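Next come the structures, one after another.
Look for chain A in each of the two complexes below; its partner is chain B in the first and chain C in the second.
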Partner chain A sequence: MEKVMSLPKEVYQALLKVVGPENIADRPHILAALRHTNPQSGRQPPSPAAVIMPGSVEEVREIVRICNRHGVRYNAVVSMFGMGGVVSQPGMLVISLRRMNRIIEINEFDRYAVIEPAVRQVQLKAEVFKRGLTYPTASAGPSCSVLANFLTSGDHHTQQSSSRCSRYLLGYEWVTPTGEIVRVGSLAHGAGWFCPDGPGPSLRGLVRGYGGWGGGLGIVTRIAIGLDDWKGPRVLTTQGHSPDYKIPFPPDCHRVFIFKFPTLEKVRDAMTEMGKAEIGQAVLKFFYATEAVLFTVSANDFRDLWNSGLYQRELPRALWVYLAAWTPEELAYEERVMRDIVEEFGGEPVDASITRKYEENMDFFILVSFLQRVLKLGGGWSPTKLGADSIHHMFEVAAAIPEFFYDFIEKGRILDAPHNFQVIPMEYGHAAHIELLFFFDNQRPDWQQIPAEVMQKSMESDIRHGFHAATPPRVKAVMERLGPLYSNFQVWTNKIKETFDPNNVSNPGPG
Partner chain B sequence: MDKLTDYRYTMKSCNSCGQCRFILGPMMKGWEYAEICPIHLRYRWDACSGQGLINIAQELLDGELDYEDGLIEHIYTCTTCGACDINCKSVRDMEVMDTILALRARCVEDGRGPLPPHQEQARYIEAHHNIFGEPHEERSDWLQEGIKLSEKADVAYFAGCATAYKHPDIARNTVRILNAGGLDFQVLHDEYCCGAPLWRTGQVEAARKLAEHNTEVFRENGIRTVVTACAECYGTFRGFYPRIAPPDFEVVHISEVVQRMLRADRLKLKGKLDIKVTYHDPCLLGRLSEPYVPWHGEIKSFGYHEPPKTWRRGTHGVYESPREVLKAIPGLELVEMTRHAENAFCCGGGGGVPAAFPDFALWTAAERLDEAKSTGANAVVSACPWCESAFQNAIDADKSTLQYHDFTGLVVRALEL
Partner chain C sequence: MRAAEAVLRFREGVARFLKADSIVDDARTLESYNRDISFVKGGRARLLVYPQNREDVRGIVRAASKNKVPLVPVSSGPPHYRGDTVPSADAVIVDFSRMKRIIRIDPVSRYAVLEPGVTYGQLVPELRRQGFKLVMPLLPRANKSVVTSRLEREPGLIPKYQYDYLDPLLTLEVVYGTGDDFRTGSASGPGTPETLKADGVNPWGPGVLDFFRFVSGAQGTMGLVTRAATKVEVLPSLEELFFITSGDVRPLVEAMNRLLRKRVVDECLALNGANLAAILAESLPQDFAELKKDLPPWTLLVGLAGYQRRPEERIAIMERYLREICGELGLKARPSLPGGGGREKKVTELLSGPWRSEPYWKLRQKDACHDIFFLTTLSKVPEFVGVMRGAAERHGYPFEDIGGYLQPMVQGRGCHVEFSIPCGKDETARVKDFFIEASETLINEGAFFSRPYGPWADMVYGRDGEGAAALKKLKAIFDPDNILNPGRLCFREGGRG
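What follows is the complex of A and B.
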């Protein structure tokens, strides 16, 4: 680690005045947790100069203004589960929003919740369940910030019947990169939180964009998110002790099915038909190596399951369906429709032991409590693609994966798992999301290159074929290459960034 | 004995996911009481958490961090409650608690730790075999007349320092229960401190001597089973002693003994107690109480452990025994806190924290009592003298109307002894 670059004394003192001595620190041991090497990429981030914890939007504004005055680069953070790393340049100020953790309002009538940045999935989900409500919940783990996820990411398992989290973002309160407090959507004209767009262009799209907050445009201090009705139990009936929990839902209204199909085209067509028929709380073609990692406790348990070959036999061309209904009759109707579709495309049930895992762990569909298990093979885990387009296009993209992916498998650099991608339809199939997840052995000497190489090859495949399959990261070179596929979005996002952040202090990226 | 370098894999594997600070997903109940790490809840820095401590351990090991001002204090604020460890292990193959303990041991080895109050405790133990510096000859003074002891029994009641010197009622109640259930047992007048206060503050060599002494005393007296009513002793016998040598005795907590006796009809809980209580799981009786099984091997590609390792994930802690017994007491209503069993929030009484940071210990106990009150209970029950001290201090400081009961006290009342 290079030496910690500190903030000039007068800047530190000015910041300290805003939050008090308890809420700012620059001692190296306090900063150690913010520069830890990420086992997913092997990248050791540079050390920040200091970390500060504001307690209110006014404090955030003051901090941002000081940063602008003194050219101090900053980034906001909540739990650090985000994949991009917090500190991109040495000497940055980390603005940790941990103290801003209140649920401001849950409006059951208009069905929205207003939250601060540090409210976690595990907190909000339980609160809205109690009220018979729910919201799209990314499979990003119980401890991640709802707000950060809605800003940066937001694909999840039940988007067949809902959508990406970003589409549920309503009004929000925003401290711009230069330190103005802006209230967006209906909030701006005093009409409450219910709507993200006021009259005129949608500022939500302007500052968030498809790729989320990677653009680094200030700090969002409150958001409202839309809520849906919840067909499941208001309180979880969890049985057992860690790590062997069982969370079944009432079986007369909640059921899980997994069918295997002869080809990927049949999977695609069955998925499309289920969307047309508007059935299924969740419908997905899931990554089965990930599933094997999720549903086993230790790395050794995973190895035993994987070596049995069961998942490789049953799951490369499978479709997962979770039906949730208000009444047993409604469930029976959806099941009949589903079975007709499955029969039409030659699907048949997979080994019952696989389905049972989901029946016993219904939290998979609401908040994957055991999500971080994907990292248990030493942490060598990474996703690529992560884009969205039509279901058909996503399967075209999937069909081209072997072109670049099998080489990594054959050379033993990643775990052997053909067709190990996921496609999740959203809004009953109006669009779909694709993700290619892979496990690599980070005990290998060349492990740090593997994720970057896979991503590079994936991008080249997209460019070669003209695929829309990536969420372009805020890395200049990548944006320049992928830009032409997406109407040169980078020209626009760069202009927006320059306009709103003339000093380039807000989440500046690696430079 | 394990070394800090043994936990490289843990340090390298952490991806800052934050699970070590929050209640596990399946146990979620709402906004309140969702955090499980006392230091993180109080101070909020990432560095104040299981994650932060293992990040610090790694930098110290790599020579990237010096023993700068405040570092030792930082490392010793942790209550060693293990909530981070169990939460992390619900999803990962990592040893967070053992890394924190090895970090403390490393600080001691480097002559930087522990803190002065812990050094003082070590001196007391060295001189008097108990943490309080009380005369060793008075260790069994709690024993009253009328208690039936059997010199030939292969069962020993081990009181532990806190019970023997500060909470003699627990000892008296325990032996009365054993007598009532017809269990023959001895009280060993040469028992020493179990070693918990030394082990948990990194003074492992001194703790080893205590373990060897006590094991020898058990051997000399033909003891096959050790009964204790102290969670710290229980967790230390099971979690520390096997690191020294394979134990040739079994340890049972009084709640397990009572449960067995009730099931075998050797005890009858007749006395009605009109009381609504909530049960606090002591860390070393609950999530940290699984027996330590030494593992020597290699961590291979993809994190495979060769040979397979026996993980202590908190699955088999003593959770049900005290609850089953309490529920069997006529008139007693048991309600659960949000954070219970392996997700219990610490009382603040462990890891050397009360001695070094009494205000933080008090704050932690108050946070737990607040949760206890939120259940509508009028009393909190636990099964450890250290928890009793922590809670009683907080109740006194807050002039709270909440009462504290030790498990053994309620059982004795229900037995009408």
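What follows is the complex of A and C.
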């Protein structure tokens, strides 16, 4: 068994005093559960020294202060579905926020919800649906924390008609790495939870940028998120039982279409025009292999579907459109506009069996309840790119994927799925997000190098072409090497980290 | 080093790269920067410099940093209203009005890249020519800088296009107080602006920080912006404006909420009689007085739009929703403006561009005008209108003479509320008392003064010690010598707090 670093006795005792003995542990079998390998990296994660479960912002503040006094490094987590590992270095303290799971307020008139860190997607979504409301929900699965997702990533399938989650972050309560409680924006002024920016320069910029700190700049104990009106049913009716279930929507106001186009440029142009016409609840070029994984219930099913060649024939240059409207007339109008555009760019419907899968599983557009299926192949998978700019630029990036990707395919190191990328426009096409997903066999002896090598080749391609398709990850050595190419952003990022976390205790990163 | 000597050394430094006519020390010109229409009084402009490009700006900042000379950036033409360009100490004015290139208008990805001196008067017609429109603030003066207006988070007339309070601002190129330049979001790289292929429309990052937010609402204290990208929207091929009137703001607020949450309307704002009369009057004072008498206390203006494809069909559906919502609330949406004397077309024209005639509409009644504005949620708007009315009564200022403007923001999740108090020369002291007391009362009641100009800064930051401390830490990083517009916001004595 791996040797586990433990906390000094007096530190453990001080922490225990804050939360009581039932909310802290350092027993080996508990810590073992916090260092499982994830299928993406293969890296054996370091073991934490202890785990603590605060129940309030005051307890979080006390814990952070103790950590500062004793130089104990910590990371806050909820469901640990994030892909960065639970702790980045051995001997850290895991601050599990699972007890802080209350929905504090849902304001129906002003359209916001105030939540604690451990409120899960499945919990909040059902509550807001009941009130005819919704919010941008990343396809990160029902169990993940809404707050963690809003702080770390937040791209999702319906951002054509809304935006990334980060735009919907309306305010936050933050325990700084040195243990002050800061409330940001209107909240600090007794004005309510509706505006995160100001007074003056916006502190909202500290808590996340394109991506999030992954726990590297203190702990957020509450956030407010913006809500939108929901055009779908207030209660979802399910037919069948998991894993084989259906969630259809009333077809008079909700319809899904998938069209294939002769070239990727035509997909791009149809997507751009739909943005300019302001139609579509969701418009996207989705991953075709991931879709095959999502819509099958076992690895054997997936193999059969993939080997049939249907998806490779129908979906490499396709556009997915979900129309949702308040009335059938509005839906009919959007459909006419959509068809004008599709015709103009030479699109045709794909095989009806593919579209039917969506019509039967509309949760694809709201929560992706079956996301865990992505893990079912038992192999490895990983994303790369993960950036945003204009639709045009994202397709320019996509067109260059074969330059580095085929080498991995030809050597049999990854699944032969060169079109397994998604481009999702946001804010009616004002920008778009790109992500390239690849699958690999984690029984191969060299499998641990595959994700890192694909990511590196992808980054090299971006740099060579001047593509903004990702920013360097928060890994010190990579940031130092590549930061100068990105306006020296590492200099300012490091200064902010050093200023706000002088003892470098808040998830310092893998180094 | 004494201030005069420091400025002299600064001048020698910048004379090495600025053209002679870009350095101005003429007393009369300098004097014009020393005050504005606000109550803010301060130091003196000692020198005026006009940068022409980013290199000039970097040079200016480095020379200022070396000689510890405060810089006050100005991009819009006069008159200024908020005191943010009045130097708080002896300072050098950096006037960006000669950096006025529209660098790019991209018709496919719908954005424009601008230098800070580009004005609404310059950009709006150019965009229109190419089939695009800019989400406008309410009737800005034509010489107002588009970049600074967006940096200062001024509200726009079309809330449905706004996804957060910084929208439609996209990416920035900025020179920090250290003299280093920086590009935000997807304009950051990889590589140089010349080799980068991205359009620069992803505002977030780079990395784990939203750098553009630190410079927003900063009144020039965090960095000098040398170019910025902003969204532009498709010019509708068909537009219809409707007027919904009421004696009370309450039903109008309810209507705004319902219309915005269903995304029925494009333009969506409410004006009271005093503001509408000031905007529409042909002549003063007669026409203004009559209009003010005839116009209803509050008018909600909503625009419906059809874009390039099937515009009539879109408008027909949205008009049906509009009528249904108004019907539910016992309101009427009319194409005509009751009491407006047939000036509907003028309203439509005015809303699509800047104010072009003299004097500026807020100065049509009296010599000066003092605005009180803040953010709140739509549900609280009626309460704050009541608070302002109470303050006006306490100070004997007729409430009907105060301009009222309600601008929903971010799809209606927030609302900018603005009261404009016209002020004659002989009533400055009285209006100042009213202005200060009303602002304090509103803040106490929970109005969010998110852009704390002039006297508001102390009122606001005095209540938010932790937030001010965090801002001072940021200031010390981006402007360690405290040379960028010192004395503003919570940055009083020294950048290090």
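Heads up, the rule we're going with is that the second predicted complex is superposed on the first by the 501 of 511 C-alpha atoms of A that agree within 3 Å, B and C clash if a C-alpha of one lies under 4 Å from a C-alpha of the other, contacts with A are read in each partner's own complex, and residues count from 1 in each chain.
Here, a contact is a pair of C-beta atoms (placed from the backbone, for glycine too) under 8 Å apart; a residue touches a chain by one contact, two chains touch by 3 or more.
Everything quoted here is computed from the prediction, not taken from an experiment.
Enquirer: Could you tell me whether chain B and chain C fit or clash when both sit on chain A in the superposition?
Expert: When both complexes are placed onto chain A, chain B and chain C end up side by side without any clash.
Enquirer: Applying the document's definition of touch, where does A:R167 land relative to chain B and chain C: first, second, both, or neither?
Expert: The second partner, chain C, only.
Enquirer: Taking C-alpha centres, what angle do chain B and chain C open up at chain A, rounded to the nearest 10 degrees?
Expert: That angle rounds to 140 degrees.
Enquirer: Just to be sure I read the superposition right, which of the two partners does A:I463 touch: chain B = first, chain C = second, or both, or neither?
Expert: It touches chain C, and chain B stays clear.
Enquirer: Looking at A:S369 after the superposition, I want to know if it touches chain B, chain C, both of them or none. Which is it: first, second, both, neither?
Expert: first
Enquirer: In the superposed arrangement, does A:R474 touch chain B (first), chain C (second), both or neither?
Expert: Second partner only.
Enquirer: More chain A residues touched by chain B or by chain C?
Expert: C
Enquirer: Could you look at A:D110 and tell me whether it touches chain B, chain C, both or neither (first, second, both, neither)?
Expert: After superposing on A, A:D110 lies in contact with chain C but is clear of chain B.
Enquirer: Regarding the shared-chain residue A:A191, is it in contact with chain B (first), chain C (second), both, or neither?
Expert: second
Enquirer: Once you lay one complex on the other using chain A, what is the shortest C-alpha distance from chain B to chain C, in Å?
Expert: The answer for the closest chain B-chain C C-alpha pair is 23 Å.
Enquirer: Of all residues in chain C, which touch chain A in the complex?
Expert: 106, 108-111, 153, 163-167, 180-186, 188-191, 195-202, 204-219, 221-222, 231, 234, 257, 261-262, 307-310, 313-314, 317, 320-321, 375-380, 410-414, 443, 446-452, 457, 460-461, 463-464, 466-467, 469-471, 473-474, 476-478, 489-490
Enquirer: What does chain B use to touch chain A in their complex?
Expert: 9, 12-19, 21-31, 34, 44-47, 49, 51-52, 55-56, 58-59, 62, 64-66, 68-71, 74, 86-87, 89-93, 299-305, 308-309, 311, 313-317, 319, 341-343
Enquirer: Under the touch definition given earlier, write down the residues of chain A that touch chain C in their complex.
Expert: 107, 109-112, 162-164, 166-168, 170, 176, 180-186, 188-192, 194-206, 208-214, 216-217, 226, 228-229, 272-273, 276-278, 326-327, 329-330, 333, 336-337, 340-341, 387-393, 396, 427, 429-431, 462-463, 465-468, 471-472, 474, 479, 482, 485-493, 495-496, 499-500
Enquirer: Which part of chain A faces chain B closely enough to touch in the complex?
Expert: 1, 23, 25, 27-34, 36-40, 51, 53, 79-81, 96, 98-99, 103, 119-120, 122-127, 130, 141-144, 235-236, 238, 241-245, 247, 297-300, 302-303, 363, 367-373, 375-380, 415, 439, 441, 443-444
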